[in-house]
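Consider the two complexes below, in which subunit A is the common component and subunit B and subunit C are the respective partners.
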Partner chain A sequence: MIEVSGLKKYFSTGLFGKKYIRAVDGVDFEIEKGESLGLVGESGCGKTTVGRLILRLVEPTEGKVIIDDTNLFELSKKDMRKLRHKMQIIFQNPDASLNPRMRIGDCIAEPLKLYKIVSKERMNDKIMELIETVGLNPEHVNRYPHELSGGQNQRAVIARILAINPVFIIADEPTSALDVNVQAQILHILRDVKDKFGLTCLFISHDLEVIKIMTDRVAVMYLGKLVEIGKTDKIFNDAKHPYTKALLSAIPVADPDVKRKRIILKGDMPNPMYPPSGCRFHTRCQYSEKICEIEEPSLIGNGHKVACHLQ
Partner chain B sequence: MQKRREIMSIVQQLKEDKLAVTGAIIILSLMIIAILAPHITPYDPVELDLENRLTSPDRNHLMGTDNLGRDVLSRIICGARVSLGMATVVVVIVMLLGLAMGTTAGYFGGVIDGIIMRLVDVLLAFPNIILALVIAGILGPSLTNVMIALGAIWWVSYARIIRGSVLSVKEKEFVEAARAMGCTDTYIAIRHILPNVLSPVIVLATLDMGHIILSIAALSFLGLGAQPPIPEWGTMLNEGRPFMETAPHLMIFPGLMIMLAVLAFNFVGDGLRDALDPRMKEGTIK
Partner chain C sequence: MTLLSIQNLKAHFHTEDGAVRAVNGVDLDIEEGEKLGLIGETGCGKTVLGLAILRLLSENTTVEGRILYKGQDLLTMSDHEIRKIRGKEVAMIFQNPLSSMNPVLTVGTQVAEPVELHQHLKKQDAMQKVIGMLKSVKIPLPQERVKEYPHEFSGGMRQRAMIAMGLICIPSLIIADEPTTGLDVTIQAQIIELMKEVLRDSGTSMLLITHDLAVAAELCDNIAVMYPGEIVEYASVRDLFKYPKHPYTRGFLNSLPARGLKQMVGTSPSLINLPAGCKFHPRCTFATERCRKERPELIKVGKKHYVRCFLYD
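Coming up: the complex of A and B.
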């Protein structure tokens, strides 16, 4: 249903815009209808930019995003606006995602009015229905965002998004700013909502536990490129790429007797302005060989794809 | 509900600020005087009484009479109406212009931003009063032209401040969410950005009321504003100038009134700024 191909975004910097930060440097994947894909990677690898590019909140440097046979990047601004109700995004910081000067009820009513989804008389009923779906109380309608907790605000954000019946949702670290118990509640709501409305999801997170529960397939991103993509259980049980292995080894295990072999990565992620030659991961990879420094591996495989020379 | 509570807390804070309370009382009294002006003047402010020229303040004329025998107190009272009314009109013009230009520049950025902000830079390079003089001079002396002149130059500092706030607000997630929702740019600017940049503007406007009253008086003093016989404080100062040594009350009273009004607005503006400053309040901005 959604096909992303050759997606690139270079941010120009430097005095005369001669240097580029390659935030996203050629990303391809597709998401089937009703499927949820996880996108993992460490901070600064470009996963958030991918999310924003797909919604065209940021204009791409190159590439295509095809949703139901329409290439979003070829649309005019106006045509794009008409399509926007189909796809929505949930941001990391719920408190900043709602206008501080608007009551929760007005925030939810806004999309309803914008797309004239219900008549004026039915407006209140519809808002109450949405509020109930996400587990808020009717009294919250008259509150302002700063009077509610992060979890309640995130619920309101979800209600607001559901108001316009999207088919595709991007959740960009939807629980990172929340307490652990609230995280669980929000994830439950997201899952219920996803099942109830048959939504297609792109779940962006650095939290592998969350990804494991929420997704059918996972894509692992490193320095603006995908290094591995496959079924969630395959990735978690049988990761191929050394970077994925390192990420997985960092998940804490709740059993003190289990001895974990942690793979500690050397150094920091390289500067995306000057990505390393060949395989981008070779500077930190413990298996790195000559070929890794010279040739860039492509993402290959059937179903479970890996970008590594040593496979 | 929350808005009322917010306003109540601001009022509460203002109440504790003695200077702001004093300022507010002065402004209120001036406003009442201005509104009731035609009914409370002891004499007709433009009626000549050539037999009682330049009399010192006494029981009949509390502030004396001017060189044409007009009652100074009556003229001061009517002057409040002219000065406050004009200053209010100018502030409204300036706020509307500043909001429109600042929001446009900040929200759309790029070339539009460049053009507007360079215009602002050019206007800021000259002292306000000189530009106002030039414009009022070209348009010709009249009250309306003084308001146009002041409005035309005063919006720049508003545009700057608003642009700055807009730049920071537009990066907030709720603005991006609105874009993702399919709202039009104009809608986002008006509904989501404007309400969130208003509070610094209100402080600035209160502080500026004083400056604008002063500028109107200055332009009138220089003969560009209110024309005689309209009773305006600046014009009265100018008319009293030749008699400064023999009848100083002609300048003292209008001067005092201007000072009082400017001070009052500054006190309230300062108090309002402190009260609206989020660092002075608890739990408002998360």
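Coming up: the complex of A and C.
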């Protein structure tokens, strides 16, 4: 359904705009209809930029995003706007996604009016139906965002997104700002609405535990590039790339009886303005060899793809 | 030996909307060399408890009870005396190192501050000590990096510098408030391993305040679970994870993605408007008439395992 190929985004920076931050540097993947793909990586790896590129909230430097045989980047602004209601995004901070001066009900009504989804008479019923789908109470309709908790606001955001019947949703760290119990509630809602409306999802997160239960396939990103992509259970049980392995071993486990060997990576992620030569991970990789410094590995494999010379 | 003993601690803020009862009768002991985790959700009062120990709360707060550090009550000390404790005997590591460091002073100057203040070392000697300390928290090229400013450090490096600052006087107790929150998993793993190592080497006790059960499981010996203003369960790490007793602890554990992502109904009550009786009763599936009226005491259910719930009465 969605095909991303050769996607690049360089942000110019420096005094004369002559330096480039290579936020996304050649990313390819596709998402099947009804599938949920997870995109994981650490802060600064470019995962959020990928999400924004797919919705064309930022213009790409290079590459294509094809949805139902149309390349998004070739559409005019007007055509893009028509398509946009099919594709929606949930951001990390719900308080910032809702207008503080609008009541929750009005926030949800806005897209309904804009896209003329229902008639004026049916507006109230539709809002109530949406409110119920996300587990809010009818009295919340007349409240302002600051009167609700973070979890309730995130529910309202989801209700507003569902209002216009999207087919594709990007969830960018939807629960990172929430407590565990509230996180559990929101993830349940997301899973329910995904099944109910047959949505296709791109789930962006740094939290591997959340990705594990929410997705069918996972793509691991490091410094603007994908290093591994495959079925979720394959990635979690049989990771191939040294970075994926390190990432998985770094998750703290809430079980004192589990003893395991943790791979501790050296140093920090390099500056995306000056990415290392060859394999971008070689500066922190414990298996790094001569070839890794010189030649850039490509993402190869059948189904489960890895970008590593040593595979 | 008991290093810190918190007895019936209460901390209330006075606001226009009423009294915010952040800490409501907490009893907690920390032994020498013990690593105690204090876990709870946002707004349960865990950070306030940490700040109360070092008397770092604002002036509109009423603090009652006793906090005995090596037998002396920190709450009745003079300002002059408590200043000798802060940073030297009991140190603190905060969550966000960027906002807890002074942006216009070099990292070296800031890490040196406690030694200059408490050990009266000369600048050069203090700096030597700082370089040694930065080396032990594994900051590469410490002699160069002491001259840099906090914004030149990465998030992980800044947190290392904070840990160095906390441990430089070799305190008996360190209060670490969410020391790894906001860091990436691989960096968090580095910091967890580092903290294990430096605490083992220095023999320092720790009060780890966190919402992350997994981090507490890795770093602590014992865990106290806080639910608005009070401790609802206290146990060794193993007992807490294997045999959780309090309905809230169970719900909290079960809502972790790795443990089934089960939802608990409702949300934590506001600290201004706390329910009567057991604070958890509006959300508890086992609640009885007694829970609505009476506040349960901590009940001993095992060796070093306590729970505040009538189910075990």
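We take it that the second predicted complex is superposed on the first by the 311 of 311 C-alpha atoms of A that agree within 3 Å, B and C clash if a C-alpha of one lies under 4 Å from a C-alpha of the other, contacts with A are read in each partner's own complex, and residues count from 1 in each chain.
By our rule, contacts are C-beta pairs under 8 Å (C-beta built on N, C-alpha and C of every residue); 3 or more make two chains touch, one makes a residue touch a chain.
What you are looking at is a predicted structure, and each value in this text was computed from that prediction instead of being measured.
Steric overlap between subunit B and subunit C is absent once the structures are superposed on subunit A; the two fit side by side. Contact with neither subunit B nor subunit C is seen for A:Thr70 once the two complexes are overlaid on the shared chain.
Put simply, if you stand at the Cα centre of subunit A and look at the Cα centres of subunit B and subunit C, the angle between them is 80 degrees to the nearest 10. Looking at the shared chain after the overlay, A:His146 reaches subunit B, while subunit C stays out of its contact range. Of the two partner chains placed by the overlay, only subunit B lies in contact with A:Ser97; subunit C stays clear of it. By the touch criterion defined above, A:Ile251 reaches subunit C but does not reach subunit B.
By the touch criterion defined above, A:Asn181 lies against subunit C but remains apart from subunit B after alignment on the C-alpha atoms of chain A.
In the superposition on chain A, contact of A:Gln88 is made with subunit B only, not with subunit C. Looking at the shared chain after the overlay, A:Leu265 reaches subunit C, while subunit B stays out of its contact range. Subunit B and subunit C never share a C-alpha pair closer than 9 Å once the two structures are laid over each other.
On subunit B, the positions that touch subunit A within their shared complex are 1-2, 172-174, 176-184, 191-192, 195-196, 283-286.
The touching residues of subunit C, when paired with subunit A in their complex, are 41-42, 140, 154, 156-157, 184-190, 192-193, 211-215, 217-218, 237-238, 241-242, 251-253, 255-259, 261-264, 267-268.
Taken in their complex, subunit A has these residues touching subunit C: 42-43, 149, 151, 179-185, 187-188, 206-210, 212-213, 246-247, 249-257, 262, 264-265, 267-269.
Subunit A contributes residues 52, 55, 57, 81-82, 84-85, 87-89, 91-93, 95-101, 103, 110-111, 114-115, 142-144, 146-147, 157, 160, 164 to its touches with subunit B in the complex.
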